[in-house]
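Next, two complexes with chain A in common: one pairs it with chain B, the other with chain C.
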Partner chain A sequence: MTNFFAGLGRYGLWCIQFLRAVLTHGPPKGQTLHEAFRIGIKSLPILLIISAFVGTNLALQGYNAFKPLGGQRLVGMFVALAGVRELAPIIAAAMIAAKAGTEMASQIGVMRIREQVDALEVMAVNPLAFLVAPRLIGIVLMLPALTLIAIFVMMSAAYAVSVFQLGLAGHEFIQFASESIAPIDFFYGAIKAMFFGLIICTVSCYFGFHCGKGPEGVGTATNRAVVTSSVICIVLNYFVSELLYGGAL
Partner chain B sequence: MIELKNVSKSFGSNTILRNISLKIPPGQTTAIVGPSGTGKSVTLKHIVGLLRPDEGQVMCFGTDMASASEKELFAVRRRFGMLFQDGALFDSFSVGENVSFPLEHHAPNMSRSERRERVEEKLRLVGLPGIYERPTSALSGGQRKRVGLARAIVMEPEVILFDEPNSGLDPITSDAIDALIQEMKEALGITFIIISHDIVGTVNVADHIAMLYDGNLVAFEPTDRFVRLDNEIVRKFLRRNLVLPEGPDEVARLPGLK
Partner chain C sequence: MLNALAALGRFGGFSVAIAARLVRRPLFFGHILNQTWVTTTRCLLPVVAVTFPFGMVMALQGLEIFRLFGAERMLASLISIATLREISPVLASVLVAAQGGSSCAASLGAMRIKEELDATEVMAIDAIKYHVAPRVVAMTIACPLLNIAGSVSGVAGGYFTAVFIKGESGGTFMAELWSFMQPIDLYGGVLKTTVFGLLIGLISCYHGYRASGGAAGVGKAVNDTVVHSVVAFITMNYFLTSALFGSVSP
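Here is the complex of A and B:
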């Protein structure tokens, strides 16, 4: 427990250092767009596949749950509530943590053990501003966009299964889905995604910067980065949902 | 210009430096030698402010690196160039991008063509002309060091630090790097600080040699006096690396030296 709080304290101090570095030096020119492109485009294929199949399964499970009650027409509502409000943001975050987060931790970890981070310092370049800031801006810009794409793909896949496999009426699916959610839900999903991006980037870069020696150190840092950021995102998701939707959840 | 005053440093219970005092002669080449794990690289990292001492002062150009703000540290570091053990080149950059990196950050008024010209000039100086566009991954170990050296001198620093310039190199490449350091020394006439456990190359290029053993500074002398010192640790270290007249076998009396 003491170790947990000590680690949390070190992470907090590191975040303050990072904030100070960004305010003092600013992110490097040209790097931010490159990182945003890399995070967004490289993560897109896997996100599309997973979102689609989460959508199909939501439709199947919703249908099986509502059918005994005669309420199978409500599948659209079920998919929209679960998918838009909860699953799409958290799945996009988990994918980004697994793909971009591990990449950040391992890249910075390798740079640390190969003395490239020290080289930046000796060349009078702040490594936090140079390495972390563009990644953070990139992820905070891209994760909301990826979340909206995940919502669209998830709903489309659920619609396809509901209509073409389960034989439900397409207009009913759309009607119940659109009645159960509001445009503000998409905005809330994007807000959640920004928080998740912040967590994934800072946690992954923190572990990369504090990587142990050798390949084992990089492996451990990468592993800790993905596990820690995923757990924090899932826990945070509950509290953000509680805050945004409260009793209406 | 650069002076360590009573510097001590520990990592946990492991004491690395014990009350080290050392004044680097300006405009000359000083080598810091000693067996592995004796605190040479830690000393170098104190000089550039990557580590801060537990006790003592590290003075560089009038700035105490132990208590300097980031702004002060960066101002001092712009006067340094450093060659890291493996070159510490950025793998995603080409050779030219690596060498021009400090210019892009600290010489914003230089045009792209001026930067390119400066980089090409430094690459020629280290014996690697015409490889500006080459990816870093295509370089050999010796070439990485040369490119690292080109990057270290591109800002035309007042002090160049070399961290184990011969480590991981075959004897021929190692000799070539020593020759390059000698050429640089003659061409640039600035302060060089070399960390090494290769005494053969060190004796050839250094004006002064400091020896660390078990975190203590056991000797700091001009090179010609250093090789004649009657200090058993120094004699042992020299005899392991240079062909010296046979003397009493001190191995048993020097634990830690193999």
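Here is the complex of A and C:
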């Protein structure tokens, strides 16, 4: 328990340090687009596969849930509400945490144990601004875009399953889906994704910077990074949802 | 493309090698129990910490939908069916892959890099039998156990939001909880997570066992483990859902 709070405090101090480093040094030029490209493009194929299969399952379960009420036609509404509002941002965040987050933690961890981070400091380059800032900007730029792509793929897969496997009418699906979702929902999804990107990047880089010794150290840091960031994202999701959809606004 | 096919073949060969070790004694039961205990206790907190808020979100969004029809009492059965069938198996498996699978890959990878696996072989102990097979079996046992914990905490999260925050009646919630439930809903999720646990165990041990290239190799093995196992079991999930629940009308 004490360890937990100590870790939380270290993380907070690290974030303040990082903020100060960025404000005084600024991110390196040219690196940001490179990182954004790597985060976005490398995670895209996996995100496409995952969101397609989540969409198919949403359609199947929505059909099962509404059939006893005689409301099979509502599958479109169910998929649109559940997919666009909750599942697409969560799935995109979890996949980016698993793919890009672990990569950040292990890259920075390896740099730490090979003393490359210390070498940067010796050369008077601030490692926080040089290593973390471009990754942070990259992920905050890319995650909303990836979320919107995930929404599109999820809806298409759900449409395919409901029309070709479950035999529902395609125009009804589209009609119910578009009636239950407003354009503002996509905007909210993008806002959620930005918060998630911020959490994933800072948590993963924090664990990378505080990596233990040797190969086990890198393994443990990577492991902790993905678990901690996905748990924080899902807990945070409740509060953001309550704020955006719970009637508080 | 050719590389992916070759990797798939190597993975198949590795799985067969593990299966061959599991039909002959000794099976190292103590080792299996120990690994199961470690995996379950390590993953329990993350699984509960993820499924509870997700149940809360489901209650939040479900109430909005059902309020349109004035059918707020349906909320409990929606939450229980969705949690038992999909949400808890998938989220618990994601967390098992992220926590248990990646720590399994990290420890096996570190053993490989430090040549501990070779040392085991030199002592005439079969490394796959002693180090790998118990981990795979342990993951296959731990995943369904964690799914049960996740289901309970997901429903509890839904109850928390619906009753304590949104002020629905708690008695109605508990009464409607099982109204659409079928026996298959109770064991379908456990069946699914057993398959997912097997997949996670095999994939994580495969990547850990074949790690190479120093500390960076261990990091890459962990990264590959999480990504590949999540893709594998989410793909599998669609087929299992179609097979188990496709013909059941709740």
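We take it that the second predicted complex is superposed on the first by the 246 of 249 C-alpha atoms of A that agree within 3 Å, B and C clash if a C-alpha of one lies under 4 Å from a C-alpha of the other, contacts with A are read in each partner's own complex, and residues count from 1 in each chain.
Heads up, the rule we're going with is that a contact is a pair of C-beta atoms (placed from the backbone, for glycine too) under 8 Å apart; a residue touches a chain by one contact, two chains touch by 3 or more.
Note that this is a predicted model, so its numbers are computed, not measured.
When the two complexes are overlaid on their common chain A, residue A:82 makes contact with chain C while staying clear of chain B. Once the two complexes are overlaid on the shared chain, A:227 sits against chain C while remaining clear of chain B. Of the two partner chains placed by superposition, only chain B is touched by A:116; chain C is not.
Legend: residue contacts after superposition of the two complexes on their common chain; A:54 is shown touching chain C, with no touch to chain B. Here chain B and chain C are compared by how many residues of chain A each touches, and C touches more. Look at A:147: by the touch rule set out above, it reaches neither chain B nor chain C. Once the two complexes are overlaid on the shared chain, A:98 sits against chain C while remaining clear of chain B. Across the two superposed structures, the residue set of chain A contacted by chain B and also by chain C is 114. By the touch rule above, chain A contacts chain B in their complex via residues 24, 111, 114-116, 118-119, 121-126.
Residue ranges on chain B touching chain A, taken from their complex, read 45, 48-50, 70, 73-75, 77-78, 80, 82, 84-86, 88-90, 101-102, 105-106. Looking at the complex, you find that chain C touches chain A at residues 46, 49-50, 53-54, 56-57, 60-61, 64-65, 78, 81-82, 85-86, 91, 94-95, 97-99, 102-103, 105-107, 109-110, 113-114, 180, 214-223, 226-227, 230-231, 234-235, 237-238, 241-242, 245-246, 248-250. Those residues of chain A that touch chain C in the shared complex are 46, 49-50, 53-54, 56-57, 60-61, 64-65, 67-68, 77-78, 81-82, 85-86, 94-95, 97-99, 102-103, 105-107, 109-110, 113-114, 165, 214-220, 222-223, 226-227, 230-231, 234-235, 237-238, 241-242, 245-246.
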